[in-house]
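Just dropping this structure here.
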């Protein structure tokens, strides 16, 4: 069991935990933890191979994923007075149970997603995180929860790219992270306008545009 | 590549098409002009068409590829069949061009004359393009242009809701028809690798599907049962000269297509003939039965077009079936019947539509129950319309008779020379079926002429009507003369067909028309001379119609359009659930009602049982699909995404 | 050649005389059937002559159609009588195609066309009533008429009746066709049980209603037309029957056919004396009987060749 | 190099001016001129590349090739028309439809979007392509928001989230593709399109399929293909008309270019069946479903949005069957028609205050030019002659049948027919008919000019598409460049 494997497992477990909890603050803590774990993988890999650009990349990922975005969201949650997200459709407990099934399936089926066509835990974890991210988005009632789900999904992709490939070129990866950051900022801005215009953050009630 | 033609008539044909292009532009530019250069250009184009039809030599015209679609050249072909149909277009076009200015006067303030002119010019040009097209791509392009221009023409009086509705129903029907046609053409192209009609040779099972698609496309355009529903809606909505062109010529382009591909072409599926025969039989009777029900004169005429298309299809069916059984004479006669009757129908139907237009313009209504006695107020129109009615009823020796006689004769030839008993019986039964259609047609047009032109006026408008403008009268009379001329000249027409090698049997026409006309004429003259000799001493007394001694007859005591048709309609009442509701009001309602009103009800099964449910189902499907899929819930949208992902992964063979 | 000329002359003679004779026979027989002596035998001819001398009254509502109708009717009917082989003698222009079945049917239709329009022309309710019923009747009879005659002339392979009716034909076909034709003729001629020519109740009239407005010379012409048509239809039926039963030679014998026509007239008069007029609503099924017979005849003709 | 400067400078200038210049009128003129200048630059660059046989200059992860230039020029035309229309339409500050800030956002973000769009079509690396694509989402979201109404916030939110998720899937697909090339590719070349194309056979098979599915879903969401199209009608109907024109006429093209590039690579790996078996049927399904959904429409702009789904479906069929010239032609034809349709709808909304199909009526009576142009735009969008889309649809259907894809042909023809009837019926209902007493704002007739020019171009396209032109286009698109 390498530390990389451990960290990926931790990130996957965190996403599963995120699927089951309702308190927004805790979700943000979880998000930070997940981001930290994934950044650590990159850092471990970079330090072990002594690649300067990768180290820089890892540091910025750590900063962005584990610090800046959770803090920004925390601040937004505070301003928007968001506390708990009780979920919609599927109760959080049930969702967590199903998420666990998804995680295990992905783990055992990981050969389909790994480059060498051999079972690879990290590939399974990554794909599971992507799917669980979408599950979070589908089961959350509040806009904030959906955003968290989106970030989990993104973390899953990040996890795949750092564990299973040689890594995207550093500049591209930076670009990707910058895009992500802008997306979160922009979504946050939209969230503020949502709360101002709709006086609630309940996405499931935002159904004015329909046929 | 420049223009190349293999016939010296190519430039003339291009000039004719160019004339219509010029007319289109002029009409758009000078939207207020009623005749002027626009009309002159259109008229010249039509005259050129007729000239080309009579004198042109066969050959191809290839234009430089302005629009080359998938490697197809813009090529036209002049051959006997194209010449025949070009002649039809020109022959109807000339009187319509003469008629139009006078008619547009009546629409002043409601439409822009120039736009009608340019629409008509596009329609003429496009129809010519259809019948001249050398390959499927040019055909389809012209076909679509024809559809769109006629749609715009139907929508001329778009202020009226009913007209708008009609126009869109027409557009929808024609679009669906062309979709079938395009699909069929593409299929045929895929099978043969060529867009040229003459290369399309396939028989047997491989021909089945493309032939079916193409056939449906043509039948929808022709207005055959069960695709005829648009026709009685669209044709009355258009201005009358336009209806004349649409009913007289445009729907014939579909017949042209059938003749080109199935009768003279090599697109043979063995069932096509039987299908045409069946649909022709049904259309003929169905169309005229509904025509008998109508009160609107133009709707009646439109339904009668369905009937005539039925006859044309029936003849095409006889042609194909008898050819497949090797009865050369019958198929020859039937082919001649198709061509001749197409010409005849276009002449008398456009005459009748122009007449209906004159009535509409001068008496301000097309409702037959509000008309009457127009024969004395509009004598010329009445005379021309009479000839049209007599001709469409196939009274000998007018042109309507000539065409139908060929159909009868081909059926009779099938009856005596078919190899099997069933086929012989079918030939004989067809004779009776056509006779039934003939009887119904006669009733229908007796009603049209008798109610509209004879008796007393049923409304103030009818009593104040006046004769139409000279141009309109001239146009109608010219068509009436054409009816008579073609009827008398039927033997020459047949020889012409044989000389154009469209039919192979020069002796196919064996009816001595002249002898009959001469004999009947001498007897008529003798009777007239005898009577006028007797009347020289005692003039007839003019007195009022017998009124049973109750005083002057009111116009309301006359039979109306509805009551005239009633005995026949009731015979076939089961076919359209015909009912009359008589409602009496007053104290002792049963015996002495103070007011009585009768309301006529009927139902078209095709519409109420097939088309409406289909359209409603489509709407419901759309409604359901869109409501479910676009429900506004982002959770649902995300779920779709996951489901799609799973589906794609599964279909892609990943999981 | 001279044979043909004599035949044609005989035919013309019969065309001129036989219809009037038939009308006289029917009138007298009907009177006898009703138990009264009746008018003198030649009264129908005398009536015609009398009416021809009288001037007529024309409604002011009418147009040229009303005035032209009797002329067209008489001209076309005489023409038909001349070219159709209904007397047994040689019709004029035999074999030239002028007696084409379809042409004949449509010339008959033309006569009816004018008659119906003339009825509508008067603007009276009765004219319309008669017109619409005539139109309905013609719809009913035309298919049977065409199928029946076509079946009878099928074996001769020509639509020309002047040849077709005089050539060999299967007895079954001929008898079925003749029966169909007779029933159709009853309606075409407006005889019992379809229509009562002598009725005075306008609401039950068919043919009489259409000519209600005619008087004087034009009425005379119309009546003469009706006489010729009656004789002609009986003649054709007789030719068909005789041809079927005794062969073509008998069918071209003027004596036999002439007798047949008169016999048919006698039969009709007796029949009209004992039968009642059908309810208008039951007419269709009566005429459909004729169509069914015609179809059966076509079946036999087509299958057993 | 100059080529890149030319195509990137002008939008940048417009974006900067919309932020910095105080006078709204000045921004409008700058935007109009900038749009035209950008369009001519794009066409100039395109002609240059054409002359060089499809090879163009490159810089970093971006280089020009035939298809890129073609779409670049198309987007340039749409951008020019949108900017021109916006400049002519929003002449007064204090407009009830759009605040001053909204107008600034329209010009600024519109220009930024075209920058990002140019980056997408010129990207020679799938990573760079992904980044630019995400950037297009981010800069167009403010456009959807521009009205500031509740419904536009909702639309923008859905747009961000749905496209965000879609694009994230595309990223996963990209990463999977990278993984499939791991080991064989030199570093930094793992996502290079040219390298992937030339070494397609060496990519690892099972991962390629997976990666294609994710990429298809991701970029398909962005392109608005059928089961994942849900953001499209909302976003298109809520943004101001010029922005809708940009979204439909340019943004969707960018997504289709991405799909084209992916399917080009994947079909060379031997997984050809995945492309024809997934992309083309998805496109055909989009055509049919959009046609059916078009029957019941209540809003003019939503109707155009659904018709965009239909047209993207057609392009997807072309991409799935690897018909490059048809793909390019239809992109051009659709963009011309759809952009003019949206711009005209903008005029209509401005003039009559509503886009509801039930409330509109008698446009022909009140302003014949608009009515006529609207009908023409409808014809141009739905593929009626004499507009370019007729030519492209015809060629598409005939080429598809040449490949004996009968199911696709039938579905596509059915879809086209249904949508044609549906759209023209809706249009007819509002264009013809009686005047309705509604508020009417005077709109300068000049505001019709951009859409009229687009329609004219579409009509020209109809006449230009000859066999020779088709061959030339085929040569431009299939040789050189990223291959």
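Here are a few things to note about the model shown:
For clarity, chains are labelled A, B, C and D in written order, and residue numbers in each chain start from 1.
Going forward, a contact is a pair of C-beta atoms (placed from the backbone, for glycine too) under 8 Å apart; a residue touches a chain by one contact, two chains touch by 3 or more.
These numbers come from a predicted model, not from an experiment.
The minimum number of touch steps linking chain C to chain D comes to 2.
Averaged C-alpha coordinates give centres for chain A and chain C that are 100 Å from one another.
One inter-chain figure worth recording: chain A and chain D are separated by 31 Å, centre to centre, where each centre is the mean of the chain's CA atoms. Taking the mean of the C-alpha atoms as each chain's centre, chain B and chain D sit 44 Å apart.
Taking each chain's centre as the mean of its C-alpha atoms, chain B lies 36 Å from chain C.
Shared interface positions of chain A, defined as residues touching 2 or more other chains, are 112, 134, 137, 146, 203, 206, 208-209, 211.
In chain D, the residues touching two or more other chains are 157-158, 161, 165, 169, 206, 210, 233, 296. Residue positions 626, 630, 634, 638, 641, 654 of chain B are each in touch with at least two other chains. Touching pairs of chains, sorted by label, consist of A-B, A-D, B-C, B-D. Residues 372-373, 375-376, 382, 386, 390, 393-396, 401, 404-405, 408-409, 412, 415-417, 421-422, 424-425, 427-429, 431-436, 438-440, 442-443, 446-447, 449-451, 453-456, 510-512, 515-516, 519-520, 523-524, 526-528, 531, 534-535, 538-547, 553, 555, 557-559, 563-568, 571 of chain B touch chain C in their complex.
For chain B in complex with chain D, the residues that touch the partner chain are 65-72, 137, 141, 144-145, 148, 155, 158-159, 161, 164, 167-168, 171-172, 175-176, 179, 182-183, 186-187, 189-190, 618-619, 621-623, 625-626, 629-630, 634, 637-638, 640-641, 643-645, 647-649, 651-654.
Taken together, the chain A residues at the contact with chain D in this complex read 112-115, 117, 130, 134, 137, 143, 146, 150, 153-154, 156-157, 160-161, 164-166, 168-169, 172, 175-176, 179, 182-183, 186-187, 190, 193-194, 197-198, 203, 206, 208-209, 211. The touching residues of chain D, when paired with chain A in their complex, are 61, 125, 127-128, 130-131, 134-135, 137-138, 141-142, 145, 150-151, 153-158, 160-161, 164-165, 168-169, 171-172, 175-176, 178-180, 182-183, 187-188, 190-191, 204, 206-207, 210, 233-234, 237-238, 296, 298, 302. On chain D, the positions that touch chain B within their shared complex are 157-158, 161-162, 165-166, 169, 206, 209-210, 212-214, 216-217, 221, 227-228, 230-231, 233, 274, 277-278, 289, 292-296, 364, 384-385, 390-391, 394-395, 397-399, 401-402, 404, 409-410, 413-414, 416-418, 420-421, 424-425, 428-429, 432-434, 462-463, 465-470.
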